[in-house]
Amino acid sequence: MVMEKVVYQRPESLTDTVTHYCPGCTHGVAHRLVAEVLDEMGIREKTIGVAPVGCSVFAYNYFNHDYVEAAHGRAPAMATGIKRVRPQNTVYTYQGDGDLASIGMAEIVHAAIRGENITVIFINNAIYGMTGGQMAPTTLAGMKTTSSPLGRDVELTGYPVKMAEMLSTIDGAGYIVRRSLHNPVNIRKAKKAIRKAFETQERGLGFAMVELLSSCPTNWKITPQEALDFIENSMLPVYPLGDYKVHPELAGLRV
Amino acid sequence: MTKQLLKGNEAFAEAAIRAGVEGFFGYPITPSTEFLEYMSRRMPELGRAFVQAESEVAAINMVYGAACTGKRVMTASSSPGISLMSEGISYIAGTEVPVVIVNVMRGGPGLGNIAPSQGDYFQMTKGGGHGDYFPIVLAPASVQEAIDYITLAFDLAEKYRSIVHIVVDGNIGQMMEPAELPPMRKIPKEAPEWAVTGAKGREPNILTSIYIDPVDEEVVNIRLLKRWLEIEKNEVRYKEYALDDAEIAVIGFGTAGRVASSAVRAAREEGIKVGLFRPISLSPFPKKQIEEISKRVRRILVVEMNSGMMLEDVKRVVQGRVPVEFYGRMGGVTPFPDEILDEIRRVDSNTADVADLEREQWLDRLEARIAGGK
Amino acid sequence: MPIRGRIEVNQLHCKGCELCVMACPQDVMALDMEHLTPKGYHPAQLVAEGCTGCAICAIVCPDAAITVYRETPQKTRATA
Amino acid sequence: METSIIISGFGGQGTLFAGQVLAYAALHAEKHVTWIPSYGPEMRGGTARCTVIVSDEEIGSPLTRNPYAVVALNLPSLDKYEPLVQSGGILIANSSLINREMERTDVRGFYIPAAKIAEEIGNPRLSNMVMIGALLAVDPVIPLEVVKQSLNEHIPERHRKTLTMNFEAMERGAVFVQETLLTKKSA
Amino acid sequence: MTKQLLKGNEAFAEAAIRAGVEGFFGYPITPSTEFLEYMSRRMPELGRAFVQAESEVAAINMVYGAACTGKRVMTASSSPGISLMSEGISYIAGTEVPVVIVNVMRGGPGLGNIAPSQGDYFQMTKGGGHGDYFPIVLAPASVQEAIDYITLAFDLAEKYRSIVHIVVDGNIGQMMEPAELPPMRKIPKEAPEWAVTGAKGREPNILTSIYIDPVDEEVVNIRLLKRWLEIEKNEVRYKEYALDDAEIAVIGFGTAGRVASSAVRAAREEGIKVGLFRPISLSPFPKKQIEEISKRVRRILVVEMNSGMMLEDVKRVVQGRVPVEFYGRMGGVTPFPDEILDEIRRVDSNTADVADLEREQWLDRLEARIAGGK
Amino acid sequence: MVMEKVVYQRPESLTDTVTHYCPGCTHGVAHRLVAEVLDEMGIREKTIGVAPVGCSVFAYNYFNHDYVEAAHGRAPAMATGIKRVRPQNTVYTYQGDGDLASIGMAEIVHAAIRGENITVIFINNAIYGMTGGQMAPTTLAGMKTTSSPLGRDVELTGYPVKMAEMLSTIDGAGYIVRRSLHNPVNIRKAKKAIRKAFETQERGLGFAMVELLSSCPTNWKITPQEALDFIENSMLPVYPLGDYKVHPELAGLRV
Amino acid sequence: METSIIISGFGGQGTLFAGQVLAYAALHAEKHVTWIPSYGPEMRGGTARCTVIVSDEEIGSPLTRNPYAVVALNLPSLDKYEPLVQSGGILIANSSLINREMERTDVRGFYIPAAKIAEEIGNPRLSNMVMIGALLAVDPVIPLEVVKQSLNEHIPERHRKTLTMNFEAMERGAVFVQETLLTKKSA
Amino acid sequence: MPIRGRIEVNQLHCKGCELCVMACPQDVMALDMEHLTPKGYHPAQLVAEGCTGCAICAIVCPDAAITVYRETPQKTRATA
């Protein structure tokens, strides 16, 4: 007799709400991975998420746990407020590159400086999605956006900012890595990193951030698969994947 | 408890602690810094949260986050710091979480100076942030009132899921006066049902201020406005002095009102039938009370430490029944009682129509006074 | 005998982005051009034999729309 | 009855503490009282000043343009407040640092060599208490004994060892005024 | 030039360019983003400065810096972004440098939504920032007015060394209408004498908003206020329609005023003697004009896309001469003409005292309307 | 016959106004060095300074050139606005640690990201001076301040932030160094660095910052000389002096 | 005379452009005109809609609750606007995508197989122009010739090659309406 | 013969912080405890022979209060 087992199913930490993300947008993958990690760690019922302003503004509709909605860029400050008065909860922010690397620069850097025990999921797709495709600090050199119509001119607007590299110079940071969501192998690695980032918080080892290279087919104006190829071919050389800072106490952790 | 000699800022902070504040998030700015300094010592001592934020922007968003857990939380700042909080304040209002914010107002606009001022009246009462929301604004005028009203502020914030601003100026913050602190309140163990605490055995709680469909946002706006109309009915607070038989009413809040009370007393001694109305809730504004007064007196004098802001609210309420005159000092100058006494004398004998020129006329008198070295 | 699996694609969540189709190592998936989901997309589906239940499709799916099953042959109790 | 007192001097001369001593005493005497320091840019200008108002009734303004009594510990304070003291009020100048004559003839003016007296007691920082003693000798807004009791209660523990010195300073200031008055009368 | 069919946001931006704007600093926010996008293409093309700032806080401070050089500079944003600019705006006011700021208002408070709203009326007119300052606020209601008033805005900003806010909503920004653009202005070579340009052969220029001595700050406050009283005299702007013989006056600005004009026209066709007053300068507020109207009409209806903000200013000016009623939609809902026509009919036949309950009464009607699916 | 020559005199780029700084405060030294460099480069008449909020808020009174006063932390944004519309001017900010490293974090980082052609003089004295001695992000671990009365607790407030290290990770930065003002040798080195930072701007090589370890005798509650010793003994180990990033085109520059 | 027209459909069906074509033509005809797209959350909901108002006088509201004419390119548009069209107004439905009957009997309703006609012309994206032609055949708010002239002037250069196709689409739409009307009359 | 120099201390700017006194390599400076500047500080001054005009005092002075002079012996024109 042949039985069947479930190899994969939608995680409990996601609601049944259909996301508003465009087809093929890897926000959905990142959501799923976070949800899977919360399920696996069994912390859904004590987790509080902080949604950003940007495409993931409605994240709270898709996760099946408590959620608050931050002002643009201030998610780390809001998370700080929550974590400080309720240290028993697991608190994470979910932020895009406009939110985290542009308007929210001070808040993310200072959360790291304070060694705030929060977890940050940082979606780097090199563009402002929600407002329709403007240049982000992470936009690649020469990349056309609606606010850099001739391509990003690095002389006038600077080079792409590398958040993982920058934050890893800060003492309070416990776990800072960059992963990518462009293929199954990297998605698996990204999930492990997200797990470690939450473990960092559970162990009180300070600020944890997983930067995820992500796609935006709509605003990049290419197909979902082409967008994944763009990550591999164009983003990876600028944003090297890797562990930028790992607290020694995490070194032996197998997830 | 017996009265102690207490300094305004410290009495304020200690009273907040006794009212059960569990999180303080702030950034140094004169003249409110002592608040933060006091909290930096006392809060950790009690095992409560204190964070010196990287900025006022971060501070208000920390407050915002902490408020979402249903705990009593607050910040204290001063004019430019409050401006930086404008966005966060509007978010807090839109999310309907209770927050107490103390503004120790200073001279402005811009960097201005650190001297006492009431130049943020509009910012506080009309909402410095964007969108339709209605903060409660309380203006204590003594150390005891500072204690009493910060306690009340937390209760009102919770009751109406509202922002409560406490506005004072450096005079109140720096002053020592005999006052009585309330006993330490017990901190409730249970969070309110709307709070985010982890969705253990219940549906997730979501706290947000985004309502992408205007129809939904309008529902929120209506709820906020109806709640506000409730607050307008229930939460008006004020002090009166010698108004019973008054023919002239002086209206002023905070330090200006307090200084005016000296002038009113002196004027009474001269036989001038003058009384004082001191709004404590600037918002809700004591509309009915001032309307009633305007039906009884000959003339009204509004005294402020700004260019005539509450003046507009008074005029709106008085509806032209009697002339409304104005006297203000600006830029961090605190008026002395003698100036206001001069004004009371002048107003008492003035029978001319003011004809919406009260500010122009005041400016002339003020410039003459300054030229005269006063 | 190769491991046999199958998938179910949730019609509510699938947006027809085709990432699963591109990722399937067995090349046994395609969009169903005959049907539209309630949201107006052509959903992904299995179109040929050969699914191993490897779950690669689910791993790349941005909408957690895919449930993956795999056959587990019941072992005889002989060794028990 | 409302009595307004301004105590003014350089930073470090203990003007704020002197005012607080009066304020605590007023509380002790169950009077209404306010104490407010100079506040604003002057804080950075090297001057330190406070206004104390003692009253039988609720106090309105904690500030006054024309104080009833001024205790001037340095020359700029005298320059600033001499013209402002109420007619019939009190003006007490620290003659150790002030070497000009008062111009007002309608106030009760006294020169107290506060620094000299303080040094004689053995603590040059007590000029402020000498001046307070002098003030209370001219007009016992609060009886000296009450001030002493209050000081005894409110002096910070780390300064308790100076308590008797503080008492002595106040007494010496008071005595100096009484002698001056005698001299004046006899003059 | 002949009329072209132009989209509001783009006409706005191009008109600013033709008025000689030399620096644009902004941050993306719906529904004002097209402004920034247009500028990102056009400004570099003309060799002028464009920076997409890291935040609205940075954007306004870039504007502040650039304004100190005496050049024409601006930013455009939307409600939450304007809140973030509050501190910078107050500094600009205190430093007395000319700046033009466009606010494409959206539903709020908080994150709210991106739909058209007028919920920032108080924030804009009473000063969202701290301290005593007085921005000019202009509310165009068509693409042509957008063009005309942004041109005027730069002139007024320079003339009075003042902030000029232009407030519109997404309707104006998104609409296409025939309109005429002015010719490109020559950019002056000389900087104003107060500007920082390098102290070559002259004493250094210092631009600051700090006046640490209250006496000095008060001098600034008096200067700002006197300048404002000048502005109140000279710079009131408005449009009237069918008011000559009107017994009912409708008052509304921007989109609300424009929608009301359709309702007024329809009501006239029904024989109702109603006219429209549409303030264009919300600040200075057309006090005298509305006062005059209140002496001629039976009743006034204020229409806004907020909870009744300009209403307060109208009531202050009307001084109880005639009843003032209110109709508003909130949260990003734009009223249709038929709603306002219903209101005009109702007001026309209403003879009851409103007794300061205009908001309560409106809420009842609004909820009934919403319940009725409109 | 013996003649006399002037070996040192007050630079022309300083006014005759007496500063409000406390005796022995090294803000004065930093001011003097900037003024000397402007004199030597002959650029006083085209220079525009941007003053911060903090102890150096009145810097504009002491420098003899055009000056503007920024909002707290926003000097780099204000300088950006000026430089973008008047690239022919030399623009610099003068900022303390509260201003630059706390509230102004986003603005300084983004000025560096954009490679803004401005010069930043950053006074790191590990404390908020103007408001009376509160903890700064640069306050040393364990250091007592009025807002860390028991000493800075790094568990709750994080470790001192190292701005030079952090900003040197950013591509747009052209010259990032740390110097100290605690003795004559280091003051001389500091001046050379300031010169190079202005030369960076003149050559259009991007964002330049000189971090200067500085003293605050009043709020540290020690004498001016003890304060210099504190820099040497306590600050130098935490804030190593050095060149963190130097644009290749500056390598050969002798100043 | 004020004529309000709503053109509504899926994103990608060219509703906004169709409205702009009318607006340009109105400008060409020296009329007052406003064009305003759906704006707000609907932008993200996959629908695209615009309101065009053409008038001999200055236009107040650019929005209307009850349009004179509705061009419904898909079913949700018909569902939403059928109840709202003014009595006596016009309702034109794209029968290629809409397979239900209209319920209103007090409006002039037409079914146009716009997609089919567009495909016959050789460009399936021209459904919008077919519908516009149909609308103008029912009520020549602006004469078709003026619309054509105006389109000739304002069509983006990259689309100029489609100009005659656009003309043909409008004409075919108009002809279809005229034939329908003949049928109706003869029925 | 050692190089000889001298300094002038500007009484307006000097705040008596003593940093110059501590830094002087010749140890020839001290505060003038007999006098107060207009701002109320004891100013720094030369108190002994031996100033070389090295300007170290000026380099450490936070108030740019010190002007430094150095003797330059006129050379004979013989070599000219």
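Descriptive notes on the structure:
Just so it is clear, A, B, C, D, E, F, G and H label the chains in written order, and each chain counts residues from 1 on its own.
Note that a contact is a pair of C-beta atoms (placed from the backbone, for glycine too) under 8 Å apart; a residue touches a chain by one contact, two chains touch by 3 or more.
Bear in mind the structure is a predicted one, so any value in this text is a computation, not a measurement.
Touch-path distance (fewest steps) from subunit B to subunit D is 1. At the far end from subunit H, in terms of centres built from Cα atoms, lies G.
For the interfaces A-C and A-E, the C-beta contact count is higher for A-C. Inter-chain centre distance (subunit E to subunit F, centres taken as mean C-alpha positions): 41 Å. Separating the centre of subunit C from that of subunit F, both taken as means of CA atoms, is a distance of 61 Å. Inter-chain centre distance (subunit B to subunit E, centres taken as mean C-alpha positions): 27 Å. Along subunit F, residues 57, 69, 71, 102-103, 105-106, 110, 113-114, 137, 156-157 each make contact with two or more other chains.
Shared contact sites, meaning residues of subunit B that touch two or more other chains, fall at 51, 54-55, 57, 80, 87, 91, 95, 110-111, 113-115, 208-210, 212-214, 332. The set of subunit C residues touching two or more other chains is empty. In the complex of the two chains, the subunit H residues touching subunit F come out as 5-6, 10, 12-13, 15-19, 22-23, 39, 41, 53-56, 58-74.
Across the complex, subunit A meets subunit C through its residues 1-11, 14, 16, 18-19, 21-29, 31-32, 35, 183-184, 187-188, 217, 223-225, 228. If you check the complex, the residues on subunit F that touch subunit B are 53, 57, 69, 71-73, 98, 102-103, 105, 128, 130-132, 134-135, 137, 146-150, 156-157.
The residues of subunit A lying in touch with subunit B in their complex are 44-48, 50-51, 57-58, 60-61, 63-71, 74, 77-82, 84-86, 89-90, 106-107, 110, 113-114. Across the complex, subunit B is touched by residues 20, 23-24, 27, 32-37, 39-41, 58-66, 154 of subunit D.
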